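Structures follow.
Across the two complexes that follow, subunit A remains constant while its partner is subunit B and subsequently subunit C.
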Partner chain A sequence: MKIAAGYVFSFWFEAVFLATVIVMITRARKGMKIPEIYKVAGLDAMDEAIGRCTEMGRPVHFAPGIGDVQNAQTLAAMSILSYVAKQCAKYDTDLIDTNRNVIVYNMSEAIVKQAYIEAGKPDAFKPENVRWISNDQFAYATGVTGIMYREKPAANLLLGAFWAESLIFAEVGAAAGAIQIAGTANTAQIPFFVAACDYCLIGEELYAASAYLSREPVLLGSLVAQDWGKMGGVVLIVLGTLLVSVGSPFLKDLLAK
Partner chain B sequence: MPETLVNVGTHLQAIFTILLITVIFKDNPAYRFAEHTFVGLFAGYTVALSYFQYVRPNVKDQLIGKGELHWIVPIIVGLLMYTRYIKPIAWLSRYSLCFTLGIGTGYVLSKDMKPFFVDQVRATFLPLWGTGDWWTTTSNWIYVVGTVTALVYFLFTLQKKGVQGGISKIGRITMMVAFGAAFGNTVMARVSLFLGRMQFLLGNWLKLISIRV
Partner chain C sequence: MKKEVPLAICFIVALIYIVSNYFTGVEFLATMKDLLDKWYLSVDAIVVAIGMVNLAQIHGRRVANKREGWLFSLWLMLCMFGMFFVSIFWFKGTTHVGWNFMYKMIISPMNATVYSTLVFYIGSAAYRSFRIRSMEAGILLVVAFIMMLGRVPLGAMLLGGNQAFATAADWLLRVPNSAGMRGIQIGAALGGIATALRIMLGIERGYLGGTGE
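Moving on to the complex of A and B:
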């Protein structure tokens, strides 16, 4: 079997990367030492936002974005949802979770239910608060707008893959007077969250947040491996740039193989 | 399509546009009516779409029509999703989710590495001197330094203190500049969307302005 032309370097880089991921996950699972993950700014605000809702007797709104389950951002959002649901269960605060994708909706319901069970309050779980609004992007945005105005959540958590509806959600959250924490890796939408929300997780901070909050060995291990992958990227960029500057296309050609 | 139907369609579009815009006066019955109609219509549309895009071609045409028995596997996996409504066997629905998640993760791993990492790293290999054009050289420096410092900002196993903190800060500033540019660009696109709607209301609907294409 031969690797297709143009994919040789990518194949071997990914192979090394995946091996590192497996090693790191195994070490994390066995409780062996792995590099520490430092806290991402804005995570303290998560507890603060839920606490605010508890004090005001108003619900928390969580939107996991409009991506499907093949989107890594949606999976990161699910880990954060689990943490948020546990905190909400602990403090007897209502959690409204709105979804666009049917499969994500099913996952969200299972995760929130499990979180209530783990918090020792299975009876407090309200299935009607995990909602599928619509498969259409703007019908979903319209539905969420209505919910924000009518049910007035005191915290608006927008974490996942967002597209053109991002500013609608952030605007309506601000109008409803909610404390807003947002995070997405969709670069075109980050400016809106930065401008309209109180705290914003930029790009990969979303994945780091999900690993940090859940303390799940699989997530922690893969985040450490990703960090090393990024360090590899930095080294390649510095070396490649220097080589190109002195007139050698060696690394550029190697990466194209 | 008969002209009367086109006119009815135009009136409905215009009325629902105005009803939805009323949300700027907070939640009100007009917005609520438009919201529920919009969401309800799409729920019905999704059911019809699912039938015509998935159920009919896969079950009726492939499985029953052509006798391709392998379609039974995804159909069973799909049907398992509905076991969540039957309490004693609700756990079976998790298998469908696991299946979808596994496929999703594998798909992302196989397709993303080259375009989103290797090709982008390669595109950053730019000459930092000797280009013969000071503007190109300056742009290359900004490009390379911005990329490296932004990458360092996203290293979560290194504490953002000292030299690394300084590099991260440059990365953060670079990103904020880029976000500012993206914000302005998208605002312009949104303004053109708004203008399009106003042209429709004032031109196509009320005929107060003429629209030249």
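Moving on to the complex of A and C:
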């Protein structure tokens, strides 16, 4: 058994990163001090958006993107959905969750149902509000557009893996007068969300959302490790730039191994 | 047991995937990964039926209660079940001329139509974003102006054949845009790995219907 060609550096980099995550989680478990996490306006606005819906008597719309369950962004979105569903259950606000992928739809239904049970309001759960629209990207986009125009949610939460439908969702949300919080790690879609939404979670902020919202020290510990990993990336970039500038291909060759 | 069993399955399957992606020379792991991929596809196909039941429940109720727009709901159910039954009992596969007609002449053009509406959404989003209300919006407007003129023949025509806009647009894409995008990608990749690890170790359980420990 040996490491596949071209994956050697990547393997060791990830191994060190994973070790850092485990160390940080262990420190957090032991109750040791964790550095402060910077404020993410989009996540701070989550409760404000749900509160707005409660005051206006209008539903919250949540879309977990069109990625499947193998996509880390979708799993991050599921954790946020759990938080949003609990808040909606707490304040008796309707939550409309629309899905493209059927497996994600089944997960969403279980998560929302569990959130209502945990909030002590199992009877308030409305199965018809967790919806599978279509497996087809643009049929799904059309379905969500219709829901936005007909049911007029006061908050539009677009969190997960989005592609070409991102701007359609964000624009119909704006037309419906909803406060919009979007987040994706798909770099091509981030400009659309930044332009059309009130708040935007950029890249890694989406993955940090569940830790940020739950304030669980153990989850927050892994965020610190993420920042350390980024610092490692910056060091490699600077080092690589310097080495290439002096004509040394050492780091370039090392990365390609 | 309701949580422990899924967490154990998640850990073992994740480990198989990680090891089989990084290491070569272990036939068992490669076979297991292929098998898991096939299982995933099977599950994905089976759960479509659950999705169809959900749609039928929502729209069936709307039709039964004659709620606003119930005719659209009826039409949706006719199309969904129509395509389903006709494909299974009549077309019996995706090579049938009837299936091809339905797909190429109805579904594909409708997809293209929705996709093309993006151009109008881009226009409305651009209008709202480019209003100079802040320094950032002002920079966005200037950059967008250069990008647009750099990408269409009008830019060069306005400058009497000079490619200054095209050169500036290329520079914007290659230098500041690439730098920003790569920064986001590095952060997102690390975030993805950390999320995967949290899920694998059972620290993040939001997807099971409850966050945290």
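Please note the rule applied: the second predicted complex is superposed on the first by the 239 of 257 C-alpha atoms of A that agree within 3 Å, B and C clash if a C-alpha of one lies under 4 Å from a C-alpha of the other, contacts with A are read in each partner's own complex, and residues count from 1 in each chain.
In this text, a contact is a pair of C-beta atoms (placed from the backbone, for glycine too) under 8 Å apart; a residue touches a chain by one contact, two chains touch by 3 or more.
The structure presented is a predicted model; accordingly, all values stated were derived computationally and were not measured.
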Practice problem: Tell me which partner A:A195 touches in the superposition: subunit B (first), subunit C (second), both or neither. | Solution: both
Exercise. Have a look at where A:S222 lands relative to subunit B and subunit C in the superposition and call it first, second, both or neither.
Key: second
Exercise. Scan A:Y105 for contacts with subunit B and subunit C and give back first, second, both or neither.
Key: second
Quiz item: Which partner does A:L251 contact after superposing on A: first (subunit B), second (subunit C), both, neither?
Solution: first
Practice problem: Pick one for A:S79: touches subunit B only (first), subunit C only (second), both, or neither. | Solution: second
Exercise. Figure out whether A:L159 sits in contact with subunit B (first) or subunit C (second), or with both, or with neither.
Key: neither
Exercise. Quick one: classify A:A4 as touching subunit B (first), subunit C (second), both or neither.
Key: second
Practice problem: Pick out the shared contact residues on subunit A: the ones touching subunit B in one complex and subunit C in the other. | Solution: 7, 14, 17-18, 68, 70, 72, 75, 103, 106-107, 110, 133, 135-136, 138-139, 142, 150, 167, 187, 190, 192, 194-195, 202-204, 208, 223, 229-230, 233
Quiz item: Hey, which residues of subunit A end up touching subunit C in the complex?
Solution: 1-4, 7, 11, 14, 17-18, 21-22, 25, 68, 70, 72-73, 75-76, 78-83, 101-103, 105-107, 110-111, 113-115, 118, 127-128, 130-133, 135-139, 141-142, 150, 164, 167-168, 170-171, 174, 185, 187, 190, 192, 194-196, 202-204, 206-208, 210-211, 213-214, 216, 218-219, 222-223, 225-226, 229-230, 233
Quiz prompt | subunit C residues within the subunit A interface of the complex | solution = 21-26, 40, 43-44, 47-48, 50-51, 54-55, 57-58, 61, 68-69, 107, 110-111, 114-115, 117-118, 121-122, 124-126, 128-129, 140, 181, 184-188, 190-199, 201, 203-204, 206-213
Practice problem: Please give the residue numbers of subunit B that touch subunit A in the complex, ascending. | Solution: 20, 23, 26-27, 31-32, 34-35, 38-39, 41-43, 45-46, 81, 84, 93-94, 97, 100-101, 103-105, 107-109, 113-114, 117-118, 121-122, 124-130, 144, 147-148, 151-152, 154-160, 175-176, 178-180, 182-183, 186, 190
Quiz prompt | Interface residues, subunit A side, partner subunit B - complex | solution = 6-7, 9-10, 13-14, 17-18, 35-38, 40, 68-72, 75, 103, 106-107, 109-110, 133-136, 138-139, 142-143, 145-146, 149-150, 167, 175, 187-188, 190-192, 194-195, 202-205, 208, 223-224, 227, 229-231, 233-234, 236-238, 240-245, 247, 251-252, 255-256
